[in-house]
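Here the chain labels run A, B, C and D in written order, and each chain numbers its own residues starting at 1.
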Amino acid sequence: MSRQASEDRIADLRRDLHRRPERAWREFYTTARVVEAVESVGVDALHVGPDALATDERMAVPDDDAIAAAAERARDAGVDEELLDDLAGGNTGVVAELHRGEGPTVALRVDIDGLPIEESTDDDHAPAAAGFRSEHDGSMHACGHDAHAAIGVGVLERVAESDFSGTFKVLFQPAEEVIGGGKAMAESGHVDDVDYLFAVHVGLDHPTGEVVAGIDGFLAVEHFDVTFTGESAHAGAKPNEGRNANQALAAAVQNLYAIPRHEDGATRVNAGRIEGGTAANIVPEHAEMAVEVRGETTALKEYVADHARRVIRSAAEMHDCEATVDTVGDAPSAVSDADLVDLVEDTSNGHADVERTLRRDDLGGSEDATYLMKRVQEAGGLATYVAVGTDHPGGHHTPTFDVDEATLGIGVDVLSESVLAVADERP
Amino acid sequence: MSRQASEDRIADLRRDLHRRPERAWREFYTTARVVEAVESVGVDALHVGPDALATDERMAVPDDDAIAAAAERARDAGVDEELLDDLAGGNTGVVAELHRGEGPTVALRVDIDGLPIEESTDDDHAPAAAGFRSEHDGSMHACGHDAHAAIGVGVLERVAESDFSGTFKVLFQPAEEVIGGGKAMAESGHVDDVDYLFAVHVGLDHPTGEVVAGIDGFLAVEHFDVTFTGESAHAGAKPNEGRNANQALAAAVQNLYAIPRHEDGATRVNAGRIEGGTAANIVPEHAEMAVEVRGETTALKEYVADHARRVIRSAAEMHDCEATVDTVGDAPSAVSDADLVDLVEDTSNGHADVERTLRRDDLGGSEDATYLMKRVQEAGGLATYVAVGTDHPGGHHTPTFDVDEATLGIGVDVLSESVLAVADERP
Amino acid sequence: MSRQASEDRIADLRRDLHRRPERAWREFYTTARVVEAVESVGVDALHVGPDALATDERMAVPDDDAIAAAAERARDAGVDEELLDDLAGGNTGVVAELHRGEGPTVALRVDIDGLPIEESTDDDHAPAAAGFRSEHDGSMHACGHDAHAAIGVGVLERVAESDFSGTFKVLFQPAEEVIGGGKAMAESGHVDDVDYLFAVHVGLDHPTGEVVAGIDGFLAVEHFDVTFTGESAHAGAKPNEGRNANQALAAAVQNLYAIPRHEDGATRVNAGRIEGGTAANIVPEHAEMAVEVRGETTALKEYVADHARRVIRSAAEMHDCEATVDTVGDAPSAVSDADLVDLVEDTSNGHADVERTLRRDDLGGSEDATYLMKRVQEAGGLATYVAVGTDHPGGHHTPTFDVDEATLGIGVDVLSESVLAVADERP
Amino acid sequence: MSRQASEDRIADLRRDLHRRPERAWREFYTTARVVEAVESVGVDALHVGPDALATDERMAVPDDDAIAAAAERARDAGVDEELLDDLAGGNTGVVAELHRGEGPTVALRVDIDGLPIEESTDDDHAPAAAGFRSEHDGSMHACGHDAHAAIGVGVLERVAESDFSGTFKVLFQPAEEVIGGGKAMAESGHVDDVDYLFAVHVGLDHPTGEVVAGIDGFLAVEHFDVTFTGESAHAGAKPNEGRNANQALAAAVQNLYAIPRHEDGATRVNAGRIEGGTAANIVPEHAEMAVEVRGETTALKEYVADHARRVIRSAAEMHDCEATVDTVGDAPSAVSDADLVDLVEDTSNGHADVERTLRRDDLGGSEDATYLMKRVQEAGGLATYVAVGTDHPGGHHTPTFDVDEATLGIGVDVLSESVLAVADERP
């Protein structure tokens, strides 16, 4: 296939996925489209859904109703029943493999899920103007995973068409946004024989034409689901008989953000979703929240997590409520290997459309690609996390985030050439 | 019809309504059942839905989706399409009239809506044990409005069968729990000619066998819908770029409950429902809450409302967010008229099953029956709010609230006899 | 002595005390002036300082330094050394007795301490304009106890000059403002033989010319001293090593005021004094606060006190601090006896300068006179708490509070005539 | 003088200063002792108090009473009246100069003030065991400024006894702990001709035997004094008439610590001292707090400062109070110059008692030495901030902080040799 035809097809795939963003463990349509695309390329092995995952290690799995609704939506969009059966319970994701004789085992990991953000309808927002804005109310690809999935397919195609010798895998990982899928894919066994692992992310505040050969500064992260249980009462007649779950939650939120900063480095805390009570005139019996803590190191993350648990427990006691705190997702920090960074840097420097290659940069966020990177590294392999700059008008995780599609080609080029180079050079 | 048969039918009606609680402005099945019941009694005039209300004065109307879902549920339960058309948009409620020649115009007001409470499944909870627990998940008749509607039908039947001379109306009012329906029914004109108005409530912490001839101490009340709007951001990478709506909400909740007590009497405040943000890893852009303020007098309610508005506005500013505060329901306080209280007291004292009649008691809560009472009183009529005691295991607005059905007969007796007495005696 | 000369002397005494307000358990100058005045009247028994109190029952006693400073100040003002020795440790107060043969034992209780308020310097403020503003920086008679002490002397003089038959005692009680002295005087034994007890307060929002024969609605009250202990740290270099006592205190204050209102009646809570930490750049190790809770009944006070203790304990835990909560003062509620109220009402109605006599009114505040009232009532005696109205420009406990001196004569008249009447009539 | 005799004298001076810690702008005794010591060395110019400062640029000056009390204490300790006159108003500090012919102008800056911390009485705490614990209740040299002053004298002595050619100044700066003195000394003109500036700090978590040639990572800092003004009221009778300054303060404290973290680097916030209200039973009219904000850069400090001002203003509005926010101290960040760092590193490496020399380390705190460093650097000079390790059992700013006196000699050696080297080598 011509380079241009290939690039057009990749862009079309990205737009199609953009139009149908699916949140964590609900990537039914996405999985179907990926399967279709990689089969069209032609693969030597294909692991779909439960075969791509250690299913017991999945975290942050939503409730059955949410999964069923998403499956139904995918069914309406034409996903076939047999595949939906395979993915039952939200076991989404794909591992596609090329077996090309002797040589190293190389892998590329991309993530594929969307976010619970309502996409902008502004005319300035290209997906809205060009007609591929999200059709799923309240969900959006606001972090570029649509582009990642498309790049994954593009790289697979390019390697398939090359004289690459060895084994090449593309890991299409679900549920990154809830840091729920990295561990399940890491423990599936699919990376246990990997010698070289690449992961990729677009944007990260780098413009089109920039590439970062090795991202570091992954914040360790943990997600809690928290519930407060008190007792309802008539707010007018019996206010004293209530035990107010919303008051407990409010005290917790105020004090979570006030956990002391730490001398050793950056920490983060966010009570990103809260919900409590049922009506204005009832003392609220039940409240819940989704909390995230992060740290520049795992120790710093633990520092915040310990404080957060104490704050939540005390806030509940303060208002005579009970609290539960369940970890529903986490990821460690990780470091890109210098030898592999060197190789990507060289490859990127040689690319006509790359104006500037940075050797290193800090993510400042979290990623469960770190589970896969650490798994590979602990077995003696090398890993790096590559950023492919893209002009993005709005920030990541905002309603006006978008990807400059020129980036797709650069990403496919730099990564496929790095895969080929690693097979040749073996750093 | 025999007294026993009538009482059984009333109890059946109550159980049927209990099984299908409908929240404010969604009383489609309830309206249908009331229409059926009063038509079976036989009435001289019947005003249904928009004909029973000043529709522009409705408050706390839910969104179209919620109304549509409830209408669909009622359709599934067999409510006919023509009636659903009449009630379109959630214009529920009924005014049933008997025209029996010369005499005063007397009215009875009952309310008919349910609450957003999940009903208990305990075996000790009679509706669960006897098989008429709520079939509507998350909704419940936890305040006895099922009994009120049934009593309304019972009194209509009894007056219809009597030698009553004059005009008698039963007002089946929707949306009391959100204090959204009282004003719309008061301003419909249906009580403008009423000389004597009775309202009724079961329970109120009085056991079966007690009656209170005149309830006072209605707390004036106002409901706010509050929104906080900030700006979303990636909680790990760009926490400083967010403007956190959940932090604003938490600061507001903490300080709302801390509004100073007032020397002049009781005040109340409740942030009964809160919701904000979308996911653990996103700085929340939007949050909202449903707040209720009350006061022993309207001035006290205004004191709390003014403070609450300032707290909300300042909490938003504190976190660089915007806040909106919309009043979605309110009700004044009211006082039962002594002459009508005397009459009910006498009637009640003469009833074999009433062990104790209290002349007066304080509600300690709020009620938008006060709109109807004040409308009648301002036009020179008299009004009283009667409590019919009932053994209720759980408190009002709790999952184990229930009504002792022996109460239904007492309520029908005392109120119908009071209606007849007022026509005879005209206090 | 002529009535006018006597009234002038009483006003002079009040102004002298106003100029030298002394806070709880530091009433050295005040005690000296009272002793001087009652000795000038002539008494049959005089109990000063420790002889007037059950010293072990004193509450809210300040630290030795504060007492020593006040004693030193009194010494400078000319109080003689021997009396200061008697009052050592802050055992202030006086009981003065007249023994006049057969008859009932009647007592009048007045309180004598000042408040920690800086008096206004406005020209509109009479004590400032007339030159008797407080000379003690930060202290003030902002509740009229200067007038009470003067009225106590005036009534003693009037009864001494009358043909009263029986025993009459005036109890000059220290430390009312901290509810620390009432219990110690009640348990001293001095009221154990009292048949009729009067207590008196000026003002209470009643203007000059009004008298209330029996005040009720005493709020039960309790004062806590609270400390939070954490750990200090360098706020810039080691914020994580601190355990922040100010954060614990702030969380407590926010949630104390937010303790739910109670259906049974009025409650109050106040964190009236807070203090914590030492410097901007040190994570604060220590913080403390003075908290007051009240309730319309003792049970309601206990409700608030229990919640307050839990809030404080949880706020400490939330920030990894320890908290202590010590009760430093309390007082029960009490009710004025109808028979004695009748007698005061009659007496007051007969007074030329009293324009309006109210039978009853609610205090809406607290008073440890209730300890003395209950002690007398439990032994079969009668008690009432009389309010003598006075035009007061500022509210009680504010910097512009003042007493209309015309009130002094009315107070002396109504109370002394009531004392004489009770001896004659014995209700 | 022999090296040992000199070292003993330096240690004695340090202990004497330790015994009499004086807080910012109250260093009367300290100034007197420094003057005495440098005169004993012999100097060519001496600038004391107002002659050492741009007095208009002083920040965080305490009130007259506090200054007068400290002066009185110094007078009691034998400081002569004439010097106290010179230092009137708290204009403390000393600049001592040696003029030794041709050569560069070199300066050493040390700070001399103590902290508001109560020193430990533990037997394990050397100053307590050895009898030189603070005699000033509530004040302590808990940051080593006693050692700094002594080292300043020691270096002066050593340079005076050497063949140094050029001008040498020792700047004994007051009021560092409140970041109030650095600007006033920087703008005095005394460093305008300085070619090389050294500043020194002991400890900073480095043990005895370590030296850091160039400290960086000074956090920019700003101190606010904040007041909240509401309205007092009787907490029992009129809670609604109060406007509660303590509630405003508590809301501010909770939300200050919750200012979002920033992606660009470290920030800090501390409400280190709070105080409000007067008594448990009075709604508090007045509250105040001392707040500190910091940032890794000045921009980050401004970010926190802007948020802090908004939080404070909104917290006041929330409770209907007024707030004032006054900056009472600040300092920029600064960087040590590489050439001067090289020189200190070489000197330190050559010292027998230095086991380990670090080229660079981060302070992680703030310092107003940065004002002097930037002043010198802006005029073309070089500056470095040297850390001399010392075993310190407790952390800086804690009650058990202490200095290992072996450090004094190392400090004097490394700094005086660096001064001599710079004159020889002129990097």
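A few notes on this one:
Simple rule for what comes next: contacts are C-beta pairs under 8 Å (C-beta built on N, C-alpha and C of every residue); 3 or more make two chains touch, one makes a residue touch a chain.
What you see is a predicted model; the values in this text were computed from it and never measured.
Counted by C-beta pairs in contact, the busier of C-D and B-C is C-D. When the contact pairs of A-D are set against those of A-C, A-B or B-C, over half line up by residue number only for B-C. Mean C-alpha position of chain B lies 67 Å from that of chain D. One finds 48 Å separating the Cα centroids of chain B and chain C.
Chain contacts: chain A has residues 237-239, 241, 244, 247, 251, 254-255, 257-258, 260-261, 263, 268, 283, 364 touching two or more partner chains.
Residues 237-242, 244, 247, 251, 254-255, 258, 260-264, 283, 303, 310-311, 313-315, 317-320 of chain A are the ones touching chain C in the complex. In the complex of the two chains, the chain B residues touching chain A come out as 115-117, 138, 177-179, 204, 219, 221, 223-224, 232-239, 241, 244, 246-247, 249-251, 253-254, 257, 268, 270-284, 287, 290-292, 294, 329, 363-366, 395-399.
Within the complex, the chain C residues that touch chain B are 254-258, 260-261, 263, 266-268, 364.
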